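My questions will all concern the structure given below.
When the chains are written out, they are named A, B, C and D in that same order, and each has its own residue count from 1.
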Amino acid sequence: MQKITRDQLVSKASELLSNGTVCCVLGWGMGEFDYDVTPTVFNTVEELNNGFVFNDFCGANFSKYLVSKAAKCDGKILVLLKPCDTYSFNQLLTEHRFDREKVYVVGIPCEGMADVSKVKAICGEGILAISSNGDNINVTTLYDENPIVINAADVLAERCVNCKSKKHVAYDELLGDEGEVIESNRFDEVARLEAMSADERFAFWQNELSRCIRCNACRDACPACTCEKCVFDNPNSGVENKSPANSFEEKLFHIIRAYHVAGRCTDCGECSRVCPQNIPLHLLNRKFIKDINEFYGDYQAGEEVGMRAPLVNYTTEDLEPGEVFDRGADNA
Amino acid sequence: MNNINETLIPKIGVITDVRIDTPDIKTFRVVTPDGKKAFDHRPGQCAMLSVPGVGEAMFSITSSPTNEEYMEFSIKKCGCVTDWLHQAEPGQQITIRGPYGEPFPVDDVFAGKDLLFIAGGVGLAPLRSVINYCRHYRDRYGKIDIVYGSRSKDDLLDYKEIIEEWSTDTGVNVHLTIDNPQEGWDGHVGFVPNYVKELGFDTNKVAVLCGPPIMIKFTLDGLCEIGFDKTNVYTTLELRMKCGVGKCGRCNVGAKYVCKDGPVFRCDELEELPSEY
Amino acid sequence: MRKCSLDKINLIFAEIAKNAELYLPVDQNDGSAAYKKWEEGTAWSNKLNTVKSPKDFFFPQTEDLMQFKTQGKNIEIVDTRSALQDFVIFGVRACDVKSFDILDRVFLSEPVDSFYASRRKHGVIISLACTRPSETCFCKTFDIDPANPTGDISAWKTESEIFFAANTEKGAALLDKLSSLTEECDDAAVLEQKEKINAIMDKLPLKNLTTDAFGGGKTNELFNAPEWDELSSACLGCGTCTFVCPTCQCYDIKDFNTGNGVVRFRCWDSCMYSDFTKMAHGNNRLTQKERFRQRFMHKLVYYPENNDGLFSCVGCGRCLAKCPISMNIVKVMKKIGGKKDE
Amino acid sequence: MQVNEYKPLIVAFCCNWCSYAGADLAGNNRLAYPADVKIIRVPCSCRVNPMFILRAFQRGADGVIICGCHPGDCHYTSGNYYTRRRMAALFSMLDYLGIEKERTRVEWVSAAEGAKFAATMNDFAKTVASLGENKRLEDLRCKK
């Protein structure tokens, strides 16, 4: 399914390692199965040859790792960024979270990543091998004699279904062609919820958020969540909690989490990808993005370095908080 | 509370006296609301004190088990719970549970031996319990040497007791030191590890160490240098604890839980453990 | 051995629910399963397992311990526990049943944790053999037989029938109550089922994973292994692995000020969190490497050292499926343990 | 049956420079507003962070209102412009989660507008009273 192959990436990375441009490579490491790839730092060409992998399950956004990894390197670190990752990259640069000079970005094209839970929903448990075959994916399982052939589009990760851009907004070198920002339907689901009655919305979110186990994966994976100490980890904040004791705490955490990244969230979708309970957390972030676009004009976080985020900005003509709902009524 | 033997459910304790020891250490006297000692303990054991709404923390019991009336805790101001306690006045209720941990082997290993206690700063707190226990049963032990050092004269814990009681006991030698010269101090000046080496004790003693990690490290090296065997050196550890009974899973060093298997460790045992303390 | 047609399974559930709260895996709208209380109309999930393990029943994620009422300098301690109802957990897989043994050794060893003990006393476990194990399963590594789950009652499901065998008095008493809905039978069908399961077990990709390199007494050998750096390098420090794990038992005790009293509660904690060992004057596990190492050393070395060689992992595969960066105990065991074979 | 027995608890965050003085003026002029409005003085309306609002609901508030200087009149030049954006985003999010939007409000009340302060509070209290108790953002542990 991907236009670029593992071998192309390995040879590019090896070249940059060998000629001294970079001292290490942040890439995807091979797992036990075809789908469990782990972000890995490769220091030598040999390590790359043995452990580097690139397939339809390389969804992890590497930008946040740069905050910790770039500072540790003596030279530059090579990072492979998909288009959506580059927005996070720019946003982190805007917030001065790492040194641009320590990073060498190779932009790689992305045709959308697959979600293994969608594969399992179709093929069941017991997946032994997954391979890409044009627009199809072949899945070998314990329980079926022949590989199951499924349409790659059917197992596209949620965030890739509504991909907002194939354009790399930051890179030192680009593999493949320059992509374009694309018209997506990413706000459709938000609009569908907005059109519901308050009771229905409440029931929807109550049900979704009740599954939360407060593992903090959404926060820890989020490239916009880079506070040195989170308010929810601070015993003096009064809201520190390690598990949601009741539905209030579930809501408190998720409202504040989404609010804190509002205007800075690039809609990379990591929060929903990593959630072990499949809570559609991106719908909270997208609501903020949609509101900001509607209230204060279109804004895409991370499009350029140095942009002023909408919630730390203002105009004297902004709408009043009370008018938010009047608009909602007009739209409905 | 109907079932008071629950491990995680504390008893009420009342602070009956607060003694200001040093600028940042106070000693609290705690009894139950009916004026009794909350529970019996052995030298070196700890208790969990808590202030509802603020938190719970483990403290070593400073008073000797031979004190039948109350327990004392010497507490240095350094976090939420200790800050709060330092503002408390006599009559304030807190909660208390324990005793936790393994005590010093005062009745077997220590019996009949010469003892050397080495403490730095607030590290005297856990040792005071043992020292007073050994002083109480004076005839069971040989010579007792106490080396105690602090930043300055004002930072010496239990100074009055040391001068008036410990120093006057027969067979008990107290060696005090402070880090930097100070007006009104004619005693020894210098760090504890060096002082121990200077004093050059004979090595057939049992040594008990407590203080800041860096002091423990260098003093232990010093003791080894003058010929001590690590099997004769004991120390106590401190790590974050929540339950006190080896279940909450955070105070382990290797497979040992400080709250349950410690806090007293023999230095050769400690060396076997990973250096994660 | 007793059996019943699967058509009648709802009658069985209804009968159990007459005297006790019945919990069983139910499909959620996101496609995963979770233990839910059975009510008329609740459908039993046929998923292999739930995202969250059933340890929640005995060791809930949050649990109030007591309440404090303060007035002036005085404190009153209020016991907030209410009487527990008997409950039945249905469809617990062999790995998860084993996890209760592992938790028991922590919570029921002296001093007994009475909160856990009373839940344990009131709970009846009906286990279920695994007909379709997943590629992430490695329970055999820890000598757990998915074809022979333990628990108060063991159950086996075939295409059309479900078989029950009681293992304990509690289980026998419950099975007795179901006698009008079940019939006595021989174990031929169950044996056949077991063989099928064993045949699949031999095909699992993780079947050769061994614990040879681990166990009590290996602390010094493994603690400073250079591999920990690389293994922990991508760890986000989230608590997913600990919270989905059936054997992770670390907890925190916290106070919550309600505005009209203080509730002291305990909740699951994760050794992966940066504040797990943070004290007023420092932290003895400063980096993610140390926290990461603690989790696996605890499961594979420290726990067995204190518990007669029993490992604190049951091979349920939840962390394999759920870790955001796909780092898990299997990778750790292969990397740290595998080097000796090479 | 008693009517209007239910009195909602309302938390009003008032900016020190305008609205708090407005509340004072309402008091001086003996303009009545409900006693269950608890005023919390903040240096500027933009001091109110979303956590404050959620925490007020947690501890039992049925409605939360934020009062600041009129746009353009902020003592700190621009604080209330930020409030305006922040609260617009937050209120919209609360509504999105199905929490009654009438429970939260922002009003601009100057130091001279004692009458407006009283009228605003009366109106807000009435609106919140008609919604009844806050059930959707309540924390049961905090109920007596």
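Keep this in mind: contacts are C-beta pairs under 8 Å (C-beta built on N, C-alpha and C of every residue); 3 or more make two chains touch, one makes a residue touch a chain.
Predicted model, so just to flag it, every value in this text is computed and none were measured.
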item: Comparison of A-D and C-D by number of C-beta pairs in contact, larger one; value: A-D
item: Centre-most chain [mean C-alpha coordinates]; value: C
item: Distance between the centres, which are taken as Cα means, of subunit B and subunit A, whole angstrom; value: 51
item: Chain centre separation in whole Å, for subunit D relative to subunit A (CA means); value: 36
item: CA centroid of subunit C to CA centroid of subunit D, Å; value: 46
item: Shared-contact residues (touching 2 or more other chains) in subunit A; value: 235, 238, 245
item: Residues within subunit B bordering two or more other chains; value: 55, 80
item: Sequence positions of subunit D contacting 2 or more other chains; value: 139, 141
item: Contact set on subunit A toward subunit C in their complex; value: 31-33, 35-41, 60, 65, 117, 121, 124-128, 142-143, 207, 211, 213-217, 219-221, 233, 235, 238, 240-245, 273-274, 276-279
item: Parts of subunit C lying in touch with subunit B, wherever the complex brings them together; value: 65-66, 68, 70, 73-77, 79, 106-107, 111-115, 216, 219-220, 223-224, 249-253, 255, 257, 262, 264, 266, 269, 271, 276-281, 284-285, 290, 294, 297-298, 301-303, 305-306
item: Subunit D - residues contacting subunit C, complex; value: 59-60, 139, 141-142, 144
item: Complex interface listing, subunit B residues touching subunit C; value: 1-3, 6-10, 12, 52-56, 78-80, 82, 89, 91-95, 238-240, 242-243, 245, 247-252, 254-255, 272-274, 276-277
item: Touch list for subunit A against partner subunit D, complex; value: 190, 193-194, 198-206, 231, 238-239, 245-246, 248-249, 251-252, 255-256, 258-259, 262, 284, 287-288, 291-292, 295-296, 310-316, 318-325, 328
